Amino acid sequence: MTVALVLLTLLVGAWLLAVIEAWLTTGRLRPVAPLLAGLSHLGRESILARKPDRLFFETAPVLLLVVAVLGAAVLPLAPDLVIADLATGALFLNAVLAYVLVSLIMAGWGPNGAYAMVGGWRFLGQLIAYSMLIVMPITATAMRAESLLNSAIVESQAGLWNIVYQPLGFVLFFIAAIALAFRSPFDLPTAPGELAGGVDAEYTGVRLAVLRLARLVMVITLSAATTVFFLGGWQGPLLPPWAWSLIKTLAVAVSMLLVGFYLPRIREADLLGWCWKLGIPLALLNILIVGLLILVVP
Amino acid sequence: MTPVLILALLTGAILFGVGIYGALSQTNLVMIMMGVELILAGALVNLVAFWRFLHPEVYAGQMFVLVVMTVMAVEMAVGFGVAIARFRAKGSVEMEEAGDLKG
Amino acid sequence: MSATQQYLILLGLALGILGAVLSLYGLARSLGATRQEPGKDVPASAGVLSRDPVWGRYHARYYGYALLFLAFDMEMAYMYPWAVVFKEVGLVALLDMGVFLAILFLGLLYGWSQGALRRQ
Amino acid sequence: MVVQAFFVGVFGLAAIGFGVAVFRTASMVRSALALLFSQAAVGCMFLAMQAEFLGVLQIMMMATEMSIMAIFMVMFMMDPGGLGGMDMSHQKRFSIGAGAIAAATAISVALFSDWGPIVAEAPDAAMQTRELGFEMLGRSMLVFETAAITILTAMIAATAVAIPVRQPGVDTGKLDKGNGDKEQEASK
Amino acid sequence: MSEAATTLAGARKGRPSILRRWVGQALARNLSCLVVPGPEVALAHGLDLAAADMRIAATPRDATVLLIVGELSQKLDEATAVLYAQMPRPRAILVLGGSAPSSLPQADVSADLSQTELMEAATRLQRLLAEDAFAASPDDFDSSILQAKTEYVCPMHPEVVEDEPGSCPKCGMDLVAREAGGDSDAGEHDHDHDHEHEHHGHEHDHDHEHESEEHDHHHAHHNDHGQSHEHHHDHEHHQNHKRAHDHEQHQGDDDHEHAHCHEHEDHGHQQSTAQEQSGTEYICPMHPEIRQNEPGSCPKCGMDLEPHKPEEDEGVREGVPEHDHEHHHDHSGHDHDGHDHSDHDHDSSGFMSMVEVTKDLPRSADGLAMDWLEVPFGPCFPGLPGGLKLTLTLDGDGVTEGQATSLVAMNTSSEEVAVETFIERLAAAMPLAPVSYRLLACRAIEQAAGLEPDPAVERGRAAALERERIASHLGWLAQLGRQLSFVWLTRRAAALQLETQRADREQLVALRPALQSLIARLEHTPLLKARLKGIGALPHGSQDLRGPVARASGRTEDARQADAMYRELGFEMRAESAGDAWARLRQRHVEIMTSLDLVEVAGDPELPKLRAIDNPSGTGEATVETPRGRATLRLTQERGQVVSVELDSACSQHIGLVADLVEGQELGDALVAVGSLDLSPWEVTS
């Protein structure tokens, strides 16, 4: 039951995002467009590149989808609406999201094409940049909650949401989350204007559909994670908990899309440089501030 | 109950053996490091098994696991550093060509 | 729900998705096989048929970052247990981790000063 | 218990299988990712052995570390794609022998030692993480700080060995927008 | 063959079913187009694809419709065939305003170049896809340029080349498939032949002995100082046959690598400076004792000799690049105490492995010798103008060298045409700036006829030219947005461009606030400045820059300054000075506003039309500041026929800058740098 609800949420969220994305790019609001796109992908040929590493090529889209869904599975949408509220939930989320990289390396290496390969290895550089900025803000929320249970992290924000308690952490996490989902302005591995699709370049037909779905689900998962860690999760007045979770998640997801809509792609060297020279010190500062706050404010 | 411990230890032992094989048989520095990683993985399995089935109350066991993981990371960082330097100087990280490393 | 059950559910979920995707593939396959035509399977490169394999030694220019990352990343392993007990232990925990991070940060600064934090 | 034994066995086999695959494929990326999955299977074994924190940690750490290993493999191997299918090993018989002897020794130790009484119940995961935290800030504090020193050493060593020294003033904040080849010529 | 099969050449095979019908309908309502030559050409023609419910696809893999805009050149025609072949079925061809390319099947739908025609064609296409996405027996698409011969080679014996898979007659290994044919493989072929030559002289029954013998042979000639080591080495070989076998395998692969990298080596050498060239020696890669002062082939094995710099020699033989030389000596000195050469012997005799492979490879700034990869970007690359073929040699994601060619370059060697036809042709040949070239032709012809400029006509013409400049710069902004995944910019600039193209003075004046806000927003967009600043800076002393590119680097280069009409309109040139992509962006902003001011003063734009000329013979020359810079046309006409034409355009000059701009840059930066030049491949004269 819970599983069905969470999966349904993810699918609906992905559909909504696709509609909004199409609205932003074409200016038309067509609710059926994503379904049509999915169906037409289903009906097109799946081409396998010439001398591919077939195993990698096939595994990558599935792995990406599995990763995105497993990430969502440990995030509570409401006090009881969670597939698995692991005792190591916050860490598990990190662990699962690390496999996005594995999937992209596979997708990049698999087809033996230049654009894809450059895209795949670029994403490794991107991970080296954003990874710390995902992990450290989560640690800071765990400090406040005294637990790695995601539900405990939500409950710890009962008085004050983490976005207010540790705004620095939120900003860093939000940016890093967009980079993790490799959406514009951090779409270096796919980069239509630089790599003509990059890691996506060789996928056609149903495999491309799975890949696209996985990317949308990834955005939802990361938005849900932002909600859980920084926006007080299901908490809010009047409305039932699950509604709050959904509203916040969608708001974060849409804002992620909007950021990409209004910004040009970042340079890889800038991304790495800024994340390491600015981001990591700031993330450490955030931990220090949270530590002091916890000690000073009872 | 004992079987699980034995099973884990067997796995650790075999991983250790595979790692030894890899470290000895490979000609390339990076591949040798893979062998070392497997040896350490075998050690990790044993450590966790010991902790879990013999002394779950002694958390120094878990601490030890963390330290071994650190060693893995550190070994990789230094190993790759050496590999880069070596490749820059010689154009190769093959051990058979590494006359000056063997001494 | 015990931890084992939780992980079993997650494993089942992963397998379920795999199954769903495979059945989707099957559905797509039922619509027809891919026609083998010349040129179709060559990696798309903007209108040029480039048949050469690209799997060569790839120059990753971020290896300076990568080396530091490998070592620096380990800090996370220590940070999670620390974060969980931080409130209870209090100031000592802050100092301990402060020293730990200060030491690591030294390494980062060293790398930075030596030019590891740049495109090589 | 049966479930536990089953999963320890399955993931153990997976770890060994992937571990063997590391040395049996000519494609370097496959090799590195096989190692990754071997390590991840080890992480799953930890999970099966109820060491949750360590298991998840292992799964997380190894994903990034082994991926970085993959790129270094691709950088430094002669034929990273394995298209030539060449054999990159030497002294095979000796190595197999050594590996077998090592494994056999370890196995016999495992089988013939008296491991004493087995503890049936492990503390739960949240408990474990907390206890590990207390351990780390208490008894093992020095171990913890020593780890920092180790990491620092590694960072310094890796940087010092791997990063080429360039002329002062070259490294401006803008990461190397300049022309690399020109610098090379200048250094000649 | 059923009737459906003939209607959509790119249909999938399949009998009608409910699911297939749904798929067809979904495809029809979700048209994703690959635009050839490129979306910017469609925009310049005033086509609004979004309004026709079409989505622009970045790759052929993601496209259902191949949308061809205008006539294609022969080369672009071939590229289009490749793109079409790489599209998954069902796929359709839509041709707008031109004949269907010869290498493609019959166009499924064709129409004229206008928005209404496009909308109508889209509807037809949708009907077609909805009904005929699946057909009983569609034809395979094949074209001569798609052909590749597969051959099977032994990884260890490159001379074994078979047409069928199987095992090597010499060593029994499985043969590896390799594609032959295509120009990129040509070098590899030659190389293989050389090897064949080399191996013919020997019997292969005693492979192992042969190998070590040959290596000893190497030794003897190679150097005298390694005798003891030679001995040692020999010993090793005989002791361990397995090992020798391995080495041989290395060698086999090494040959493969060598063959593969051969062309890259050449690049490296081309790159080397003239000073390096002067003292070059040529040595045989297999027999180092063969040395000549001029290129040729080795008398022992017939391989092509490779150039080597004498000073470099020692370093190279030890597998050490020149610039690390000192460092290496320190190293070995420490470790060996005088056994400097031990590893050298080692390398050159037995281990044809990494050291051998990498020693001749060019190195990047950090001294790591990696494989360089030649990657095509274009002619239909989403981030670059269509028709521009950029070939970059990549070292990882860095560009070591690049070269741009135009596949749609204008051919000025024309037969005699009537002046009117000439004007139309020239305008049609420049889809990105038709008005400018129409004006250019008109002026040149009028000048040839001895007509004085008429201020009244010139006013309208200037307004039309300035309007086109605004539209063209907006088109560039849209392209920049496409390159940087900056969706908002693409949408906004494209919409404004479409509005500007046909606007009269009133409408243009009404657009001013919109343009101003676009520019203001761009200049304050976070990341954009970081993205562009310092990218694409032109080397000092770049000659003959024109247009916005010149003015962005502080040159006062503008043909409009010399124009009396523009002085009258109050034209004032403004220039940026930094000379990078950011400066070019700002320069174009400035020019959009300047042009708007000019149009406001000049009045309604009027498309240039040839005035009545009374003397149809003579020679004329005219210069127009096109959106991309000054273009000069010189022509001779006789009795109303244009007989000779000479065109000097800005892009012909700018395309030569590409090689300098991309060298040593990160891939993304290189592409942005190329994009910032705003090249129009049509305006390149061949």
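By letter and in written order, the chains are A, B, C, D and E; residue numbering begins at 1 in each of them.
To be clear about the criterion, a residue touches a chain if its C-beta (ideal position, glycine included) is under 8 Å from a C-beta of that chain, and two chains touch if they have at least 3 such contacts.
Predicted model, so just to flag it, every value in this text is computed and none were measured.
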If you check the contacts of chain A and chain E, which chains show up for both?
C, D
Which chains does chain A share as contact partners with chain B?
C, D, E
One chain's C-alpha mean falls closest to the whole-protein C-alpha mean, and that chain is C
When I count C-beta pairs in contact, which pair ends up with more: C-D or B-C?
C-D
Chain B to chain D, mean C-alpha position gap in Å, rounds to 7
Averaging C-alpha coordinates per chain, one finds the centres of chain C and chain E separated by a number of Å equal to 32
Per the centroid of Cα atoms for each chain, what is the distance between chain A and chain D, given in Å?
25
Give, as an integer number of Å, the spacing between the C-alpha centres of chain E and chain D.
41
Can you tell me which residues of chain B touch two or more of the remaining chains?
66, 69-70, 73-74, 76-77, 80-81, 84, 87-88, 93, 96
Could you pull out the residues of chain A that touch at least 2 other chains?
42-43, 45-47, 50-51, 86-87, 91, 94, 109, 112, 114-115, 121, 124, 128, 131, 147-148, 196-197, 201-202, 205, 268-270, 272-273
Do you know which chain E residues sit against two or more other chains?
12, 19-20, 23, 59, 61, 86, 88-89, 179, 353-354, 357, 364-368, 370, 373, 375, 381-382, 396-398, 666, 669
What's the complete list of touching chain pairs for this entry?
A-C, A-D, A-E, B-C, B-D, B-E, C-D, C-E, D-E
Can you name the residues of chain C that touch chain E in the complex?
27, 30-35, 37-40, 42, 44-52, 54, 56-61, 119-120
Going by the contact rule at the top, pick out the chain E residues touching chain C in the complex.
12-14, 19-20, 23, 59-61, 79-80, 82-83, 85-86, 88-89, 134, 138, 140-143, 145-148, 179, 182, 184-185, 260, 364-366, 368, 370-382, 389, 395-398, 666
Which residues of chain C touch chain D in the complex?
3-4, 7, 53, 55-60, 63-64, 66-78, 80-86, 89, 92-93, 96, 99-100, 103-104, 106-108, 110-111, 114-116, 118-120
Seen from chain B, its contact residues with chain D in the complex are 1-22, 24-31, 33-35, 37-38, 41-42, 44-45, 48-49, 51-57, 59-60, 62-63, 65-67, 69-74, 76-78, 80-85, 87-88, 93, 96
Considering the complex alone, what residue numbers of chain A touch chain D?
51, 53, 55-56, 86-88, 91-92, 94-95, 98-99, 101-102, 105-106, 109, 112, 121, 124, 127-128, 131, 147-149, 269-270, 272-273
